[in-house]
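The chains carry the letters A, B, C, D, E and F, assigned in the order they are written, with residues numbered from 1 in each.
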Amino acid sequence: MDTQELHDRGLALRKRLFGAEAVDRRQKAFGSFGEPLQHIINAYAYGDIWQRPAVPLATKSLAMIAMMAAAGRPNELRVHLRGALNNGCKPEEIREILLLVALYCGIPLANEAHAAAVEVLGDMAE
Amino acid sequence: MDTQELHDRGLALRKRLFGAEAVDRRQKAFGSFGEPLQHIINAYAYGDIWQRPAVPLATKSLAMIAMMAAAGRPNELRVHLRGALNNGCKPEEIREILLLVALYCGIPLANEAHAAAVEVLGDMAE
Amino acid sequence: MDTQELHDRGLALRKRLFGAEAVDRRQKAFGSFGEPLQHIINAYAYGDIWQRPAVPLATKSLAMIAMMAAAGRPNELRVHLRGALNNGCKPEEIREILLLVALYCGIPLANEAHAAAVEVLGDMAE
Amino acid sequence: MDTQELHDRGLALRKRLFGAEAVDRRQKAFGSFGEPLQHIINAYAYGDIWQRPAVPLATKSLAMIAMMAAAGRPNELRVHLRGALNNGCKPEEIREILLLVALYCGIPLANEAHAAAVEVLGDMAE
Amino acid sequence: MDTQELHDRGLALRKRLFGAEAVDRRQKAFGSFGEPLQHIINAYAYGDIWQRPAVPLATKSLAMIAMMAAAGRPNELRVHLRGALNNGCKPEEIREILLLVALYCGIPLANEAHAAAVEVLGDMAE
Amino acid sequence: MDTQELHDRGLALRKRLFGAEAVDRRQKAFGSFGEPLQHIINAYAYGDIWQRPAVPLATKSLAMIAMMAAAGRPNELRVHLRGALNNGCKPEEIREILLLVALYCGIPLANEAHAAAVEVLGDMAE
């Protein structure tokens, strides 16, 4: 496949997952300096890996939440929490992943992830 | 609930997930020095968090795989790869999680996780 | 022991270590979504592990400072710096731990930990 | 060599790399509490390791950028991005290092490093 | 560009950097399960990012060494130490990067990286 | 103070803590390539930071154990477990630190640390 096609279908999926406006904002934030990184994200992450059909998007979102919480990356965690809600994940399901984080990665990373979740889920976290 | 009950139902689930012999071996490996840690694992991890019903065990296993790969913990990754197979996860599903690791945690952690997966999956990885 | 007892004695110790108001604020911050995590913190961390008598609370606080600085967790580091002062640790003792962090975990983590310490210790750091 | 000499030549190099005012500000930020850490930084980092001649300062700056991005330390990354510019590194060179970070440490750390780079490089990043 | 071209030129560069035999061995180690990961490595890492001309290969190798040492990934560190030698880096240059690791990431990671370097450099480390 | 004095008193303390033979073996393992790193360890770690009197050596050993377990550095953990025993720490005290690791850094790092402890403590762990 042509890498331009990879990029375009990746950007389309990315906008569907996280909202067109949010993706545009992130793409512009790093200007022309950031273009090669945006190409990696659009073409290789969302145009290749995220397109693979063996696992539904909701399961990928839960795995991303597990991974970003474990790695202590609250910014990306917030992005993927929004993606998880768009993919139909429920707050109760997200919480179960974050409780595994508490036991297997420690309470501080679970605290950080809960803070991100409460911020993103808002009223849904009640 | 009494913590002894928590411990007993946790140990039972742990043996169902990973095999009674493997769990016995791990419990004995650290002797009496390791008893309080085994209590944390049996009562708090498998007796409490893993018992919660909001997410099926197979999804928890995939989240554990994501987390252990992201944290660079190949020993626990191997344990939870075995648990994932027992919970009905397919090699193709596990691989999708490890490909997300490549993009979001870097190629070296994905290499380490693939090595663990190929070892555990054996012929299933063909 | 009943897990409710574990929770109650844990919450009592946690309030003694960090102040009742600060603990109440943290408990409320994550609402009902955060209740299972608060149970882990109160019952399993402060109701079980922190209650164990083999090491005095001041030594546990210094170990927590070492651990949170090494893991790059400045929020929890600040909490345990306050706990260390309540447990009778002196600023000079805390500083020695942070200097070990510089050599064994690198200057950037020692910088982050010093910033937290200067903020929490205030005039005591002069 | 006397450790005072080590300290003095280190502080001089540090000011040349990052600007005298910025270094003074950082030294004062942690007061007398921070003096032993400043001694480690001045005497051992900049008075010893950074003085060694086998590699030019620009290469050391690029290695520092790789290291601080990989370790998720954006504060020190910003400091060393400024040092890299003072040592004659070009924005295009810095970007190549950050693209390696994307592939080998994951997209989230590359995002964090790009944000720091765009902030420090300003108009140079256009 | 077509992704197959990206893959082919990437695999060619990878073999030039690390030796055809070593690359073949790594490709085969993970069988068909590992094919998508090998595609990421060949097409996206070595076919895209490593091909970019703004920085010479030797500088990229030193940055990789800094990054893999900082991230505690001794297997990939060994691979890139071999690549660095092929790209013309000298043992004295490599050592300077590892000494920065000692100060900025801590003595344990510098020890791990020195062990890898002594193993790969062999007689060149004398 | 002269850096040679720093080095000599550091090496003497290091041998007292970990045994002359073990230190000699480690010093020789990296040959002349490793001399600058050994200077950092002897002069700056053991000749400066470890000499500071505000905290007893046993407390420093417990903090090192906390730090090396949190950072996932089992080799250095084993070294400092031996140092802790030489400094008069009891197995029961060491275990309490490792149980804090379980709760605050996660079960996998606590498992790794327990394995190191059982190996070093041997019969003392019964």
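Odds and ends about this structure:
Please note the rule applied: a residue touches a chain if its C-beta (ideal position, glycine included) is under 8 Å from a C-beta of that chain, and two chains touch if they have at least 3 such contacts.
Treat the numbers as computed from the prediction; the structure is a model and nothing was measured.
Shared contact partners of chain C and chain E, listed by label, are A, B, D, F.
When chain centres are set by their Cα atoms, the one at the greatest distance from chain B is D. Relative to chain C, the chain whose mean Cα position lies farthest away is E. Centroid to centroid, with C-alpha atoms defining each point, chain D and chain F lie 28 Å apart.
Averaged C-alpha coordinates give centres for chain B and chain F that are 30 Å from one another. Touching of two or more other chains is recorded for residues 36, 40, 44-45, 49, 52, 68, 71-72, 76, 95, 99, 102-109 of chain A. If you draw each protein chain as a dot and join the dots that touch, every dot ends up joined to every other dot.
Residue ranges of chain C in contact with chain D, taken from their complex: 72, 91, 95, 98-99, 102-103, 106-112, 114-115, 117-118, 121, 125-126. Residues 1-3, 6, 36, 40, 44, 48-49, 52 of chain F touch chain D in their complex. Contacts from chain E toward chain C in the complex involve residues 103-109.
Residue ranges of chain B in contact with chain F, taken from their complex: 29-34, 36-37, 40-41, 45, 68, 71-73, 75-76. For chain B in complex with chain A, the touching residues are 44-45, 49, 52, 54-55, 59-60, 62-71, 76, 90, 92-93, 95-97, 99-105.
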